[in-house]
Each structure stands twice: as structure tokens, then as C-alpha cells.
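The same subunit A turns up in both complexes below, where it pairs with subunit B and then with subunit C.
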Partner chain A sequence: MVAFPRIRNFFGKLFGKKRSRVGIYGPPNAGKTTLANRIVRDVTGEAVGPVSEIPHETRRARRKEGVEINSGSTKLLIDIVDTPGVTTKIDYHEFMEYGMEQDEAIARAREATEGVAEAMHWLREDIDGVIYVLDSTQDPFMHVNIMMVGIIEARKLPVIIVANKIDLPDAAPQRIKSAFPQHPVVEISGLEGHNMDELYAKISEVFR
Partner chain B sequence: MIQGVQIDMLSAERLSKMTSYEKIRLILDDVRQGSVVVLEKGLTPEEQGKLLETTMMEINPGTFSGIEIETYPSSGSDKGFITKLFGKKSNVPRLMVIGPVDQLKMLSREKDRLIAWASAAQ
Partner chain C sequence: MPHKCTKCGREFRDGSVEILRGCPSCGGKKFLYVSDRVKNEDVLEGKSIEKIAEETKQEVLEVKHQGPATRPTDILERVESVRIVSKGKYELNLERLAESPDIIIGMGDDGKYMLDLPSMSKRKANPKKK
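For the complex of A and B:
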């Protein structure tokens, strides 16, 4: 199974490669949709989906096809897949703390659980590379991050770790570099657009 | 009657005789009954992915909110046999603790030490 991506790459190069599907993964509220919107807006002027401070705003994987990443003289055409935040727990009471009524919070929790399962299904079946987004103000050693990077490594998928939200005063992207020294880490602010050129250069290099 | 939390400690030997599905089913059945499960040898990344997916399918608002899962963080200075041989970090899972999210809270995680707090079911 693990040889399949290599074989596909070989034949892809031989007969005209299909576009890579790059999944944007990470825990809830890391800024995945903000980053997806930033990348797609830079290219097409459109957005992928709405963002919110309430966790699990994205509860379905959304794909944007044919996004052309330009970095210097290099061009790369990819599909961007924005995925729901991955977690091992979803408690509807958390949504009520943001002012939601109980029924609405329970419905959101049900959709969120389906969304996480869907994100894992995409990772197992349909993703060729991963941008793993972390909030630089949070502990990167949370088990869900270690687990997800372990799954990505086991599948031998190319990965870029994004240390997001570096515009915030308590951002500590160095902790993310310490946590994942085996992978490229790019420090950005998806919201402010800081350092996006470096990310595009890394995307062109890693997902080629 | 003693109030408390049941802790189910599974040896590496017992785990090695179980299929992935059996491990996941045992973990989730125990956790849903309020037990904390300690695996001497943790799940592989693939098994962890399956556990996560299965957990999501079994979450039921109001009765089961999911799991807390923790293991020692992998270390960049891992110098095990596989590291020395291939120059890469080993994917061999280490001890793993899994419990109901509303009863098990991880207080701190260090390279070789996990500190958790467990409470009896409400």
C-alpha cells in the first residue's frame, strides 16, 4: 500500500500528472479555514468557507479545485481541501458557552462528530499531501497533534507544518519547531497574510 | 461502598494477541463504562486513526462526549535501535492512557512522565 503513491507519482509524471489534493488539517480553531481562504483568495479572489471563533465552524470538508500556486518561476496546480478540526472529544456544552441554545449546540456537536470522521476518511483515501496547521499560542504537544502527524508519516504523505497566528503577542512558533523537527515548519499569520510567500515556496517544493 | 475509577491495565503480551478491531472495541467499551484504560504498548498510528473515527461515530451528546488520550511525547533525541539503524525516529508506540473525557484530565506531559487526574462518574 505504501508504495502506491510512489507508483502513482511515476505514472503521473509519465502520462500527465493529476492535480495533487492537499488537505489542510489541524485541531479546531487553529485557523485552517482562514488559511484556506487566504490561499484561495490570493489566487482566485474567492473564499472557501466562513470562519468563526466558535470551534467546529467547519463541519464538512470543502474542496477548491485547480488552485495555482506561484512561487518565483515555479507554478503548481493543486486542489485545496479544507477539513473540520480534528479532536478526540466534542462536548455540546462548549458551544453553549458561546451563547448557543441547547438544541442548536447539540445539532452542532452531531455535525462536528460527522465532520471529524469525514476528515479522517479523506486522509485515509483521498489526500496526497497535508498542510498541518497549528495555533502558535497553544501547546503543540497535545496528543491529537502527535497522533495526526504520526498517521500522516505512516501514510508517507508529504507534509508542511504551519505555525499560524504569529501576529498574536503570545505566539511561540519555536515550540512547534521543537515538537516536529523532522518536518518543514513555516511561520505565518493566515489572518494578516504574513509570510505567505515563504509558505507558497514551500508548497511548490514539497507537493511538486 | 468504595467510590472510584476502575483502571484497566493491558499488558503488551495481551495486546499483541488482539486484532486492531478487538483493541479498539475493548478500549471504547471500557471507556464508555467509565474506566480508564492503560496500554503497556500503545496503538499504532493507523489504529489511533481508527479509534478516533470510531469514537466520533459513538459520541452521543449528553451521554458520551469522547475520549482523553495521552502518551509520552516522542522525543527528537530518540536513540533507539531503529533510529540508529535507519537514522529515523521509531514509530513503536509507547505506553498510552485512554479515558472518558469527562472523567480523565491530563495535567502535565513530559518526556518520561504523564500526570493525570481521574474522577468517578457523576
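For the complex of A and C:
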């Protein structure tokens, strides 16, 4: 019924395989958690974390270990790490726009800052590959994206760029392809599950 | 497809990332992706790049330098990895954070620094079990 490659939970240690740790990075609200949940839900029926229209809902990275990606004849065992959205500025006023009280908003801004710092530190040695998620309805040339892709390149980490939310009418995934022609770009809808099999194939190829 | 600066017409090869910081020749921020077929029409036929964009229905890409990058002190040249601008307002130096295990905190605009937020050092920044 579903065209996804078969994915299931699986204890890699039994097989003595090294697992790649794949970090899902990208700006806030790109759909990182939705994508992580989609991948993990197919494995365990669980979710990685709450999805929200409020930026920085994911303020602590969450992990799901031992996710087996099967694509064609290749099998790959990965740990999925969902990270807080990366930004260069965090202001508590942003949270107050979503109806939060000032104190709560300030606490949240601090947590979000710590979460981003943590996720950036992981790029140094704890992440083996990056899925960089972008919202296809947004301008890919944002400073933070250029900077992040530059950092990922400098760290020599393999990267897949995901052009997400292609289900939306104003999605322009072609812009993302034009912006980052040096990297593989996969167009998906994490929400609707469109084109996930292509993403799994790319994951098997790039993070092997 | 190569792209061209809409202001000075300079052409950039495929996958050129240098344009992301603006055109190195004229500082232009708008670029058009042009197919090889039409890429010389600006010179040969005296068309503006915008005209070519219109005819080929290609979107003109605008490179935005937002936030700290346009400030007099570029955030990349600062030493701190996180600046606390005021209560609940932070600026993060992503490159610095990705480079060094230390977190150097800058406070306000008076150039004071402090190493590490107490709550940040309590937690291990390393998810790997050693």
C-alpha cells in the first residue's frame, strides 16, 4: 500500500555495525521535527517530539537511535538527531507574539539559545552527516542558511538538502536547487509523506 | 545554469557560492539564473537582465544580508560565541560555536565577556557516551 522502503527498529549492536549519526538541521519551522517524526514513526510508531508553529518548540535535541533505512538492496542503520532551529538571533518578543507571558518568553529564549549552542557544538564531532531542511516557500538565500551550509562544508560532513513543504501551492523547490547546486537536493513533504522513498534512497547513498 | 548579476552583468559559473555574499564586482544583490541559450543576450542584443528574466520566466534571486552581517561590527569578527544583548535577547555566532567547545558570552554593548553560562556548563555538550 505504502511505497516507502521498509524501515524498522533494529539493534545495531547485535550486528556490530557502526551507526552513522545523522543530524537534522535547518532554520526554525522548516519542518525538521515533522520529518524526524515521519521517519521514526514508521520504525517504532513513536514520535521524536512535538511539532509546533511556534519557533523553537524543539529547544533540546532529541534522538532516536538505531533506525534502519532500507532502500533497494542497501541497508543503513542511523541515529536520527532532531535539533532546535538554527538562528543568529533569538528575542523573547518573538515568543510573546504567540501569547506567552514575558517571564515564560524570556526563559524560553534562554533555553532556545542554549539549545542552538549545543546543536552547533555537536557539529564538531558528534554528527556524521547532516540533513539540512528548508521550507520551499521561503527564500533559501537567508544569511543563516548560507552560513550553516558553509560550516557543514568546512567540517567536511556529507549533506543532503531537503526542500520541504512541496505540498504548499507557493513552494518553489527549484530556488533551493539553484541556491545550492553543489549538494543533492530532495523535494519532499514531510507532512504528507511525499517523495520519502527518494529521500531514503539518498540517505542510503550519502550517509553510508 | 550560470547566473548573472542583474546590476553589472557579471557571469558566475554553476554552483558558485561567492554570489551569496553579493556580487564581488559591484556589490549587487540580485542574480538571475540564465540558460546558456540566452545568457549573452544582454551583450549581444542590448537587453537588460531583467528583460531576459521576464522572457525566460526565471525568478530573480535576491541575496539578503540580514541581521548582524550588515552591522558595522560583523558578528563573525567578534570573539564571543553568544552575546546577551539584553534580558531575553541573544545573538549567536554560529561559526564560533561550531569551532570551539568553549562558550564565550558577551554582555551588552560594553565589550564585557564572560566564559560559559553556568547552566550551559552543567550540562554535557556532548551526546556521545564515552
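Points to keep in mind about this one:
Basically, the second predicted complex is superposed on the first by the 191 of 208 C-alpha atoms of A that agree within 3 Å, B and C clash if a C-alpha of one lies under 4 Å from a C-alpha of the other, contacts with A are read in each partner's own complex, and residues count from 1 in each chain.
Assume contacts are C-beta pairs under 8 Å (C-beta built on N, C-alpha and C of every residue); 3 or more make two chains touch, one makes a residue touch a chain.
A quick note: this is a predicted structure, and the numbers were derived from the prediction, not measured.
Once the complexes are laid over each other on subunit A, subunit B and subunit C cannot both fit and instead clash. Of the two partner chains, subunit C is the only one touched by A:A172; subunit B is not. Look at A:F141: by the touch rule set out above, it reaches both subunit B and subunit C. In the superposition on chain A, A:D91 makes contact with both subunit B and subunit C. By the touch criterion stated above, A:L123 is placed in contact with subunit B and with subunit C alike.
Greater residue coverage of subunit A by touch, when subunit B is weighed against subunit C, goes to C. By the touch criterion defined above, A:R110 lies against subunit B and subunit C together after alignment on the C-alpha atoms of chain A. Shared-chain residue A:A61: touches subunit C; no touch with subunit B. In the superposed model, A:A201 lies in contact with neither subunit B nor subunit C.
In the overlay built on chain A, none of the stretches 43-51, 61-69 or 115-123 of subunit C clash with subunit B except 61-69.
In the superposition on the C-alpha atoms of chain A, the part of subunit A touched by subunit B in one complex and by subunit C in the other spans residues 86-92, 105-106, 109-110, 113-114, 116-117, 120-121, 123-124, 141, 143, 146-147, 150-151, 154, 178-179, 181-182. The part of subunit A that touches subunit C in the complex is made up of residues 61, 63, 81, 86-93, 105-106, 109-110, 113-114, 116-118, 120-126, 139, 141-144, 146-148, 150-151, 154-155, 172, 175, 178-179, 181-182. Across the complex, subunit A is touched by residues 44-46, 48-49, 52-53, 55-57, 59, 61-62, 65-71, 73-74, 76, 89, 91, 101-102, 106, 109 of subunit B.
The residues of subunit C lying in touch with subunit A in their complex are 1, 3, 14-15, 17, 20-21, 33, 59, 61-69, 75, 81-82, 87-95, 97-99, 101, 103, 117, 119-120, 123, 125-128. By the touch rule above, subunit A contacts subunit B in their complex via residues 86-92, 105-106, 109-110, 113-114, 116-117, 120-121, 123-124, 141, 143, 146-147, 150-151, 153-154, 178-179, 181-182.
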